[in-house]
Amino acid sequence: MSSGSPILRRRFLAGGAALAAVVVLSACGAKTDAAGTSSDKAAKIDISGDTVKVGLLNSLSGTMAISEVTVRNSLLLAIDEINASGGVLGKKIKPISEDGASDWPTFAEKAAKLIKEDEVAATFGCWTSASRKAVKPVFEKNRSLLFYPVQYEGLEQSPYIFYTGATTNQQIVPALDYLKSQGKKSLYLVGSDYVFPRTANKEITAYAKANGMTILGEDYAPLGSTEFSTIANKVKASKADAVFNTLNGDSNVAFFKEYKSAGLSAKTMPVVSVSIAEEEVKSIGSQYLAGQLTAWNYYQTTPGAANEKFVAAYKAKYGEDKPTSDPMEAAYTSVYLWAAMVEKAKSFDPEKVKAASDGITFDAPEGKVTVDGATQHISKTARIGKIGTDGLITEVWNSGKPVEPDPFLKGYSWAADLS
Amino acid sequence: MTVILGQTFTGISIGAVLLLIALGLSLTFGQMNVINMAHGEFIMAGAYTTYVLQKSISSAGISLLVALPVAFLVSGALGALLEWLLIRRLYLRPLDTLLVTWGVSLMLQQLARDIFGAPNVQTRAPDLLTGNITLIGGDDPLSVANSRLFILGLAIAAVVALSLTLRLTPLGRRIRAVVQNRDLAEVSGISTSRVDRTAFFIGSGLAGVAGVALTLVGPIGPTMGTNVIIDAFLVIVVGGIGQLKGSVIVAFVLGALQSVLEYSTTVSVAKVLVLVAIVAFLQWRPQGLYTLRTRSLV
Amino acid sequence: MNVLKGRSARAWAGFAGGAFALFAVAPFALSDFRLGLLAKYLCMAMVAVGICLAWGRGGLLTLGQGVFFGLGGYAMAMHLKITDAGPGNLPDFMQLYGTADELPWWWRPFENPVFAIAATVLLPMTVAALLGLFIFRRRVKGAYFAILSQALASAFAIWLVGQQATTGGTNGLTDIQGFFGYDLDDPVNQRMVYFVIAASLLALIALARQLIHSRYGELLVAVRDSEERVRFLGYDPANVKLVAYVVAAGMAGLAGALFVPAVGIISPALIGIVPSIEFVIGAAVGGRASLVGAVLGALAVAWAKTALSEEFPAGWTYFQGLLFIVALAFLPGGLASLTKLFRRRRAVAQKSPVIPVGEAA
Amino acid sequence: MSGLEIRQLRVSFDGFTAVDGVDLEVRPGDLRFLIGPNGAGKTTLVDAVTGLVKARGSVRFGGTELLGRSVHRIARSGIGRTFQTATVFEELTVLQNLDIAAGAGRGAWTMLRRRRGVPEPVAQALETVGLTELADSPAGTLAHGQKQWLEIGMLLVQEVELLLLDEPVAGMSHDERQATGELLQRISEERTVVVIEHDMDFMRSFARSVSVLHAGRVLSEGTVTEVQADPKVQEVYLGHTAAEDAADVAVQEA
């Protein structure tokens, strides 16, 4: 990423010896050096025995647990299914769960633990961009694989991460295209104060500029903020045609309750949300959300046999009232994709798995997806949905065919200045 | 013009929410000097009470009204239990109380996660409370949300009820006696431990009531309490310990400040500025807006 | 005087034992990964040393240590990000989210390694001095001080998050690759970072011990127990408290600075209310007034967090909460009071006239 | 040695005037007792002199005006006091208590080093108040009377010229009172001592001069005999005194 001077691969020998002398332990530094440990080796993977371990890294406590627990559930479902049909390369998958605790340095610690102590073949998880940024160097340094299942802001392409959620051109750009086709000329942007919304809004602003739309306002609330009366007032006063919502987690509940109280609705000023899936609809209430729009690649109502099977299996395992959602589907898919890559590579070695990844397809609940080996993203069908009074989201538009991933938006002239 | 009026009402409504969540603390923190970090989880308990009641009472309006007293009892009972189990051992160690109750708050959050699931849950608001009243019509309309009016009314009712209780009932007199001079109260035949527990019951119960009100405007989930707890403490600190009127004034002033700053800057900047203003204010009045004149407080 | 000598000898023995464990046992007994975690715990222990001084000995409710930890950490991380990027280049996150084409003015001084290293300690100390000057002069005490510290920690974290273009926002500064020219990717260098941290911790312990047993340390306890009385002796208690507060802030800053190469990340998540409470809890569990207790307590709590969350990823917060409750509600002097209790029992059994003295109330 | 000179001192809290125009002069080397019924303003007067409460008027000690100065500055100009309840640093040893009291003028470097040995003034004070044996005991373990003596010792090492003692013998046994009285007499040879006291026997045995306060004013002043003979004192106070004496006796016998 950074194109600066390469860091000198010097060793701390001199300094180490001096320090060690002070503490009368001069042998220490040299000894380790003599052993000649080097980080150039890929992380070890434990394939002894008849199981292969994978890491599940999700927040099970803290503010992000509200979303991430469901992702872990669907990861476990996929692992169960694969194991039931014989496992991968003849080995059963053994999931090792770790709690990221909604705390980014903890994510980094747990990622290192999974790689170094458990010697997992791959890790699945992370939700926020911040947690992904925190673990990215860990996976890169140890040459281990992470499958990241959530839509994100793009502009990233780590050689050791597979992105199975949507990048911007598979979610945000289609949503903007849809709004444009509906004749919406002015937008108000509301988001949580972190990387994804800020970056997404930069992209939206660039798109608007190139497409004759105006941005009437842009507001951010700290993550977890639940006081939205002022923002609702501002949105209302702006008289925008539509609102583009990149709020995350708890804030959405407060925002939509306030939105309705301010007398705004899907009829007067529709809101397109990119972080509200079935699980969030359930916790906010269709009372507040009916008629509002969402942009994803999957809904519980998406037609097809693969989805019927997924929804049925999920409900059978976790309860009839539990909905499925896009990040859950992307997580579920990511396990199958990894398994397919491993089978094709005939090895658990990350380098071989990476090499085998290009062109792997899977009939996912969202439809057929294909891995793009160059970007390590997957092609996905973009879908705009409308939230119904029953709390389910039904598709009102889709891209017709899977959209190729373009994390750096190279195919869009308006995005030239973004990165 | 309508913007100013609209923001004024927003300030009042933010203030009402602040007041409601801080009111219970004015007893437990303000009167008894206990820093109870689990207060936020008592708010959470009130909100979940509403959720549970809605499962058996189908009318959203009736279940909300029933939830108010039930949540008061549930959170109050939790508070009394906490006082009996832990806090009574810690009256002379304020920071230890803070750390211990923080441990309690961690456990209660996890408990909520295990009972109700990690995702937020939903309650339905009665239709009456999701609408708004239009004050000025026309091209530049001004309206106030019914839910906010309800919370404002609830906050006022709670303040009046609490101050009447403290002033007029024998219980209130006993609480004030214990606050002002514990030893004297004890030798005058007041069971201070029973008064402490009752005060804690009422303070925590008020948190439960606040929890019911919060279901109208915010999320209902395991971490909903942690989001509001520090703001609530600040209201009491700035208002002055042991003084209800200080808390009332400060809640509305902070609400107004927050709404004005949020409108003219951003939410984050507004939050930082409000906190800086509070620190500056405490430089001027280190004991808060109103103080009890006693020789040994804090 | 014999008592004093005995205590001193025991302290030396303990210190030597600790150094032996840190330098001779841990590096051989632990894997690279566990040693890295130990380095992280040692950073927590460094904060606890300061807390022991300010809270345990001085009675100051230091609930804003996250701010000082963060200041130190960011000062170090800013310098490392600049050098990672190389001359003339912007740090990676600025290229992604930034709007400016050059380094913001307040980043520039951190290009200089000497300035950056000095800032890791002096910046938190300066901030603490300014804050303390206001707070202690105005005699903001007890619960007020605690809540105010938390509010400040929270404000600082919110501010950092809001300035994504220049601070990395919620992400913080991640992917730190080099440490003054040494590649942090290399396990040997990671190990040296561990040694630097261990040596720093021992140095801080020695410094704190000197302070605690100096005349100043005695005065600090006097201020804790009766501030008014000290004032009548002709001291200004505000200054006495200020010194402890500022030293504790410097220690937290150094801990934050060393945390960065050890873990490779500094973020607002390490600054807000929760980490600030966690810093204090370690010292409280071990015994706030005892240096050994505070350090071991911080290590134990940090270790327990890792161990419990690895063992019970879905329910570990029950155990963590329970640990805090049991240790603090039922052992006011922390785990250190257990040894005292034991020693007293033994002393009573020997019928020697030892007078029981409680820990700080 | 300096004397204390108070002119028209007034202290009021929320409209209640606790000290209402007191004029008081204490000669250098005096052992002055302040007596008066509860609420007469004795403690408030001492509070005002030491800067604890805001007051109007004038308080001069050795020619310098004290009103308006901060507590620790007043303390540094040679004025020390004790409180009704003994406040020593319970967790520190007797020696540490005295060492701290002796050290207000120490420089930073001295402060940051350990104490080596026992400083001469501290050793002397230990001797004077009779606590040499207990030098290494924590102050929290001392008997009540010993704590009072330690407090007085702390004032001695502080090199104060004026000692303001608030009921130093309350709760002491007869022997302890006797010892304390003799100690005060010794001390007042080189310093000025002002004692607030309710114990009339103690006052009669040791006072060099007496001021009687009543309702925030000085009612009478003079030697013990003069004051006892004053009809004003007898009128408003003596009845009270008899009752207090009885109470004191009761306490002693209990």
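Some observations on this one:
Per-chain residue numbering starts at 1, and chain names A, B, C and D are given in the order in which the chains are listed.
The definition used in the following text is that a contact is a pair of C-beta atoms (placed from the backbone, for glycine too) under 8 Å apart; a residue touches a chain by one contact, two chains touch by 3 or more.
To keep track of the chains, here are their UniProt names: B = Urea ABC transporter permease subunit UrtB.
All figures in this text were calculated on a predicted structure; none of them were measured in a lab.
The set of chains in contact with chain B as well as chain D comprises C. Two chain pairs are in question, C-D and B-C; the one with more C-beta pairs in contact is B-C. Distance from each chain's C-alpha mean to the overall C-alpha mean is smallest for C. Per-chain Cα centroids separate chain C from chain D by 44 Å.
Averaging Cα coordinates per chain places chain A and chain C 34 Å apart.
The mean-CA centres of chain A and chain B are about 36 angstrom from one another, to the nearest whole unit.
The residues of chain A that reach two or more other chains are 60-61, 193, 220, 222, listed in rising order.
The set of chain D residues that touch two or more partner chains is empty. Counting partners per residue, chain C has 158, 161-162, 317 as the residues that reach two or more other chains. Pairwise, the chains that make contact are A-B, A-C, B-C, C-D.
Within the complex formed with chain B, the chain C residues making contact are 55, 61, 63, 134, 138-144, 146-148, 150-152, 154-155, 158-159, 161-162, 273, 277, 280-281, 284, 315, 317-318, 320-325, 328-330, 332, 361. Residues 1-5, 7-12, 15-16, 19-20, 22-23, 25, 28-29, 32-33, 37-39, 60-61, 97-99, 101, 103-106, 108-110, 112-113, 116-117, 128-130, 133-134, 136-138, 141, 155, 193-195, 198-199, 220, 222-223, 419 of chain A are the ones touching chain C in the complex. Of all residues in chain B, only 29, 33, 35, 86, 89-90, 92-96, 98-100, 102-107, 109-111, 114, 230, 233-234, 237, 241, 266, 268-269, 271-272, 275-276, 278-279, 282-283, 286-288, 298 touch chain C in the complex they form.
Within the complex formed with chain A, the chain C residues making contact are 19, 23-24, 27, 31-34, 36-37, 40, 84-87, 89, 91-92, 95-97, 158, 161-162, 164, 169-172, 174-178, 181-183, 185-189, 191-192, 195-196, 199, 263-265, 267, 269-270, 274, 306, 309-310, 313-314, 316-317.
Those residues of chain B that touch chain A in the complex are listed here as 3, 6-7, 10, 13-14, 17, 109-110, 113, 117-125, 130-132, 134, 141, 143, 145-148, 216-224, 226-228, 258-259, 262-263, 266-268, 271.
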